[in-house]
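Pasting in a structure now, in structure tokens, and then I'll have a few things to ask.
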């Protein structure tokens, strides 16, 4: 029953990745960089979706995991001169570690309380980046030196400011996250996450330690967010307090809602669309966040399933 | 047939604020029997079995399963020991397919993984829902949803299956099928049944426990219980 | 300034902000208590009060007192109307589902904030206080208007308490909070009560904004800090407990004021946000308990 669906799902997602691969040869320079950025941010959104869309735990503080990756990589590369790949791994570790630490305390709550607790802890992290401004340079931020973004990786020289390398690294991370999410969602573990979302008490009475599953989901989500943050600083060289602010916790929520929570490809669709909607509207007004607000309200009122979610309902029930 | 004690409770009590829902209950269950718990509404039946399966913590008393104290175990841990509970108010996964509902229960059993579809379909088949395996559970009729609950319980391969008012809302013919199913289940597991339908109780139960006001009023074979005047006064009527 | 007078100054500053915080947080608390809804846009109503006060006072540029009085009367009406529309158009359609309303009110926050940005602009603008006098202490001079703020807030808090506890309207609101379905069965128009409650909560925040604007300045981003602090106060005080909210407002307002004067404001905020997270995790009923279903 599942096999032909699984094959279709694999082919579909492979198609998306291949399409993106081909696009790099066709896109003009400006959009080339945009797409690299979008793919990295989409990984953040995919990670967020594991928690919100599949496990049903809405966090309003995910920016702290993204920022952990960002600062974990950025600070170690900038101050200790670590090579980029090492910084990247440290960023992922930071994101995962913070997610587990937060989960151990915050997962005692659920629903609205969980939203507020995650928001508060994230806000404290944001304020911490300001408080320790002598190290982090707060709002102003730090730009990585060009030498830090060059190096040798397994005897291959690389320069992260090279657009082709940038795009393909982003694509590789994106592909890993997309197929990782696909594998997770289709596994027995993923089925339990959905069960926790649907009816937690029942899931416990089937013998599952739901707290452990929620913690693992949060850890996976934090790992992806941290990876996205670490990759972001490697590719775009700038990091500052803004990335830890509440705005960066609301953005993945917006992307996931728009693209379709509970679908693997939805977060990417949402990130892509929202990026260009914001670009488009900021040409007309400095208040482009107005569009963000309106879209959020319309989505939650009329399209709670998002784009991919609605399409799946109508045409493609096999889409994971 | 040697009687093996499966479950005992000692002095089990549960208070809610000022209300004694269950007071000082000593309850024993033998392996392989079909035991029915009956009693008026508010007698404490669901509270008692909820404490046994771990949904609610007792305010006093101990529970032993297969000779081991399980009072401190959480609900999900007791499932591993072999206690399964089907809800009084249907609590299936409404938005998932019947297959997925049962698979969630079956995949916990660490047998061969390739076996999963076979075991799922087997459970569905035993309750007669095999043809509806891909249907979304919420679209099933109420009676079929109750049967799905039983299928989920079966897939857990429990030693003790607790059924909380399983025939409520079922049609006559569905009840007949259900009784046959329970007898089949009892060949491999112990069944603890909360029921209001006295015909089902009299037909199925080896022994009946009568509860009233949080305590056990009487216990015995169906014929004894039917003749017991205290039970008649409290519950059955003459 | 030596320690003693500095502490005195910090306490006075803390008291002023505590009163204003109490008003703002009370609005949030009433909305949560009656409707079980977390309104993330609550801070924007506060900001609107300040911005509208500036607008009203610039209508009558020579008489700050008259402009201010106009603002006190007119702003709550305008903000209340906005709140009622938001309730009717959006929140009611979502059936007040907890997570959906949070998302929707986040959207509302952006909408209100950005509209103000487009019309009022990104600058911070001052508003003249209606009364201008200084109280001279041996160590420093203190703005007399701040004491007026304290007095006005105290009056409003008392008035709100009176409405909630001693009037039929308050009884109806508390009945709906207690048991929505029974209230409906008794013929209480729950939908209208909700709209009114939402408007009341918004109006309280709005008035707090009007009162504070002669002390701060009106800026389109000024709603975020009061929002965060109100959250902290409502949760620490116990969701659904009005008394807890007011008490917590004073505890937090005064201690925040004192910490900000002696240490850094950022550190004070870090402590406060972590504190509220801990309270939610370990004492979900708040430090003072409260009726939570």
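The letters A, B and C name the chains in turn, as written, and every chain counts its residues from 1.
Keep in mind that, in the parts below, a residue touches a chain if its C-beta (ideal position, glycine included) is under 8 Å from a C-beta of that chain, and two chains touch if they have at least 3 such contacts.
Everything numeric in this text was worked out from a predicted model, so none of it was measured.
J.: Quick check of your reading of the touch definition: is the inter-chain graph here a line, ring, star, complete or other?
T.: line
J.: Quick check for you: compute each chain's CA centroid and the global CA centroid, then name the chain with the smallest gap between them.
T.: So the chain sitting closest to the middle is A.
J.: Any idea how many Å lie between the Cα centroids of chain B and chain C?
T.: Here the centre of chain C sits 52 Å away from the centre of chain B.
J.: Would you mind pulling out the distance in Å between where the CA atoms of chain A average out and where those of chain B do?
T.: Chain centroid spacing, chain A to chain B, equals 44 Å.
J.: Averaging only over C-alpha atoms, locate the centres of chain A and chain C and give their separation in whole Å.
T.: That gives a centre separation of 34 Å.
J.: Could you tell me which residues belong to chain C and also touch two or more other chains?
T.: As it turns out, chain C has no residue touching two or more other chains.
J.: What residues on chain C touch chain A, complex-wise?
T.: 38, 90, 93-94, 98-100, 102-104, 106-111, 113-115, 117-118, 122, 228, 231-232, 235, 264, 266-267, 269-270, 273-274, 276-277, 280-282, 284
J.: What residues of chain A sit close enough to touch chain C in their complex?
T.: So the residues of chain A touching chain C come out as 58, 60, 105-106, 108-109, 111-113, 115-117, 120-121, 123-124, 127-128, 130-131, 250, 253, 257, 285-290, 292-297, 299-301, 304.
J.: Taking the touch rule as given, give the residues of chain B at its contact with chain A in the complex, in rising order.
T.: 53, 55, 74-77, 79-80, 84-85, 87, 91-96, 99-100, 103-105, 107-108, 117, 134, 152, 156
J.: In the complex formed with chain B, which residues of chain A make contact?
T.: Chain A residues touching chain B: 1, 188, 191-192, 194-195, 198-199, 201-210.
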